[in-house]
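One chain, chain A, appears in both complexes that follow, with chain B as partner in the first and chain C in the second.
Moving on, here comes the complex of A and B:
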């Protein structure tokens, strides 16, 4: 029980990497990259978790209540924003590549083409 | 490289990486046994120091504010890059979609989608503004609220025609909004420098903890980020829709 949540992050990382390595479609590949990235969200939040801790927001609960680490939550927020923008950028690249080469399959792209 | 060789290579690399990851994970404190010190310190000092009940927001916009400037510009540059990549190329031109087959008519948007969509536009704007304005007191903030605000133009697209969407979304105003959002953050930071203290130092009046007007620079920064994220996401959506619906090859 102590390490099982961390293994979830590892599983997400490797299942995403497997998807990237075997992908036959750029859109699928980008989604696999998002899966890899989501493993970092899971890992960050797990590292900052305190057993029995609440969210680090002291609006309804009195200050001093046992709460989880706010720093990793802030890092996860950064991570999510960067993930979204990188996904948009990669999709734009794929769109233009598809227009030039007519394919979404990385294997069918030749070097220095498209 | 054949698929088989690639898989074999991946297998070797992944096995080695997996061993490293498992070795690393076995050394960190167990789940729930938080081993850091920043979490304890911040949860104790953030509320008295910054009068912000949302400690995550005070980390993002204050204690780690300088990093958030960098993050904001990652967003800004990506939106610019998407616009640049999806500009109309030399051998393309803009043309409204026209169905080639004369006898085929596209099914229009169903009434159910229209009614539900129209009903959701107002609440999306309201919830977005609420989340932006209360980011420093309750869960939320500029990034989250901006994303919700960007849903409103998407709903307009969903319930109407694309050309209506295009008219209702003045691209230049969105560009200005995005730039103002990114620049506003830096300007707030520079005010600290002008006052003779550090960049982004929170010296503004702190107010009563838990109220909308509290926590000094935090609400201002949240509004600025909300503007940037909302405008940026709509710009990205606009570029992709433009590609699908308007831009045609020669």
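Moving on, here comes the complex of A and C:
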């Protein structure tokens, strides 16, 4: 595993977490969650990369040709699906929350304190 | 596992055509069928772990590419717990939800149950993640069903954001493990990691996986989402959250450790134990203190779950098979007791229209049956024998003493007394009208009146379908405490759970392992005095809370409010309801966990 993509993935993770912790707008917050998620994509794809490898489809290419790891690509696709579902659900909840309380700022909404 | 999914899909497909009672009956029958199947699996798996390879992709030459369900006694036991609680929740909701909701609740609950069953049975790390996410997403949806008020939405958002972060941390860990071992099957990973000393990558992966699972398992400081979710989720959903979902996360942490990381990390067992026990103690104490301070009964029970999770973590962290068996017994009994208590809270909500202790003052006289169950539940939380909680506690303490942690009885006693005392105090206020009113300082204390819209009283008495599951579950917790041979079964199951090599052989080569050679401890007798002492302490704490104006003079009370009160207020203030704060604490917890592990595994 090479250093730069790993550092990129780590950077995305922490930037996303920082965004969630300091966000003042729920939509921005959910998008920061997406950023955290994209850090997992970068990590997984980097784990699977093989220098000089081709796409892992063996239709016209003899088996045994160097290819990138397809397992992590499958994991990434699953992750994308999960992410879509979570983001959609959370955005729907944020929308409803805005309808009921008129604000999107987490600092102003604290019905659950204590 | 497939049955709930298929039925849920069928209900969703035919939704406009189906009448409400039919959907409810189908849901109950489905969960009963799932319970029967899981129980059969438990019986089968107690003899020898069952391994099922999807689509027949069996391992060749010790290399596993397919996805397996590896079911041993503990996995099947957790699945059975899930199915039993789901059945109870469905029966409970027969009369609880009077309004027609388009069958959403039943569809989501069936999928939730299926996901949790899959989670407990799987032997593949990524499969674990998939079920984790499925379980989580359905949980978010179930929490936020009441979209008419801002509080449920806020609770669902907090739950959703924090648990999603946990899921992504888990996935990070899985990615790193895959990078090192090239395997996703737990047994295979264990074989690949076993030969080498743990280096930075393995420690990092272990930290991330455990952190992700601890978020779902509400270990401090990843726990802030749990009270928010429980305060606003419908009662039958809370039954499953507190009874099964949170415990499943701890089960998964234990499973991942013992199958994948044990070979590599076992030389550092003492350090690992210190870290895990430390987190467990922190969780137990914070949960207990916050629980006692709550007026909202569902939040009180939620914090009690947090504190019991701390106790379970201590039981797991000691890495001893007697403790592990004790933790299993405790998880089962606690699940039954907590579910029963949530149902009693639901009965209060249904009959009396509120879930706030002070608002309900004295009105509980109209529901004496629920009151009796509530009191018994409080005593069970206080680990009074012969409830299963007492047995679990005894076994954990035995194992911990062997590992050198002889002070655990004090911890268990104190935590049990506090959470049990909180429940008893609530009983005293609601059913007997005792106790003074306190000032309302925090926003969550105003939630009570809003909850009344969750359910509406239809008849003048408590429906049997609501009382019966609560009573039966409490009876089950009692039965677990007196069941002959449960201790032996639990210890045997635990010994097998901890045996990494036997697991790997069974999964990768299909070789049936002989019964583990670990000597089975003689059955833990109830430490009767200890259990009665913690029960008495619980009653005493409740009494102090209720009668404090009569017992203590004003200067004493003012001084106590000054020191204790201020400390408690500071801790309560941390539970801010603000999801950004929770995320910040999550990062702190992750850093702490990682730093401590780095030091322990050097």
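Everything that follows uses one rule, which is that the second predicted complex is superposed on the first by the 108 of 114 C-alpha atoms of A that agree within 3 Å, B and C clash if a C-alpha of one lies under 4 Å from a C-alpha of the other, contacts with A are read in each partner's own complex, and residues count from 1 in each chain.
As a convention for this text, a contact is a pair of C-beta atoms (placed from the backbone, for glycine too) under 8 Å apart; a residue touches a chain by one contact, two chains touch by 3 or more.
Treat the numbers as computed from the prediction; the structure is a model and nothing was measured.
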{"item": "Contacts of A:82 with chain B and chain C, given as first, second, both or neither", "value": "both"}
{"item": "More chain A residues in contact [chain B versus chain C]", "value": "B"}
{"item": "Touching partner for A:71 - first (chain B), second (chain C), both, neither", "value": "both"}
{"item": "Touching partner for A:49 - first (chain B), second (chain C), both, neither", "value": "first"}
{"item": "Which superposed partner A:109 touches (first chain B, second chain C, both, neither)", "value": "second"}
{"item": "Touching partner for A:23 - first (chain B), second (chain C), both, neither", "value": "second"}
{"item": "First (chain B), second (chain C), both or neither touched by A:96", "value": "both"}
{"item": "Which superposed partner A:40 touches (first chain B, second chain C, both, neither)", "value": "second"}
{"item": "Touched partner set for A:58, first chain B, second chain C, both or neither", "value": "first"}
{"item": "Where chain A meets both chain C and chain B, residue numbers", "value": "1, 13, 17, 21-22, 47, 71-72, 78, 82, 85-86, 89, 93, 96, 107"}
{"item": "List of chain C residues in touch with chain A within their complex", "value": "126, 130, 133, 136-137, 140-141, 144, 147-151, 153-158, 160-161, 164-165, 167-168, 171-172, 174-176, 178-179, 184, 227-228, 231-232, 441-447, 572-573, 575-581, 583-584, 586-587"}
{"item": "Chain C partner contacts - residues on chain A that touch it in the complex", "value": "1, 13, 17, 20-23, 26, 29-30, 33, 36-37, 39-40, 43-44, 47, 71-72, 75, 78-79, 82, 85-86, 89-90, 93-94, 96-97, 100-101, 106-107, 109-114"}
{"item": "Chain A partner contacts - residues on chain B that touch it in the complex", "value": "3, 6-7, 10, 14, 17-18, 21-22, 25-26, 28, 30-34, 36, 38-39, 42-44, 46-48, 53-56, 58-60, 64, 67-68, 71, 74-75, 78-79, 81-82, 85-86, 89, 137-139, 141, 143, 210, 229, 232, 236, 239-240, 243, 249"}
{"item": "Chain B-touching residues of chain A, taken from the complex the two chains share", "value": "1-7, 10, 13-14, 17-18, 21-22, 46-53, 55-59, 63-64, 67-74, 77-78, 80-82, 85-86, 88-89, 91-93, 95-96, 99, 107"}
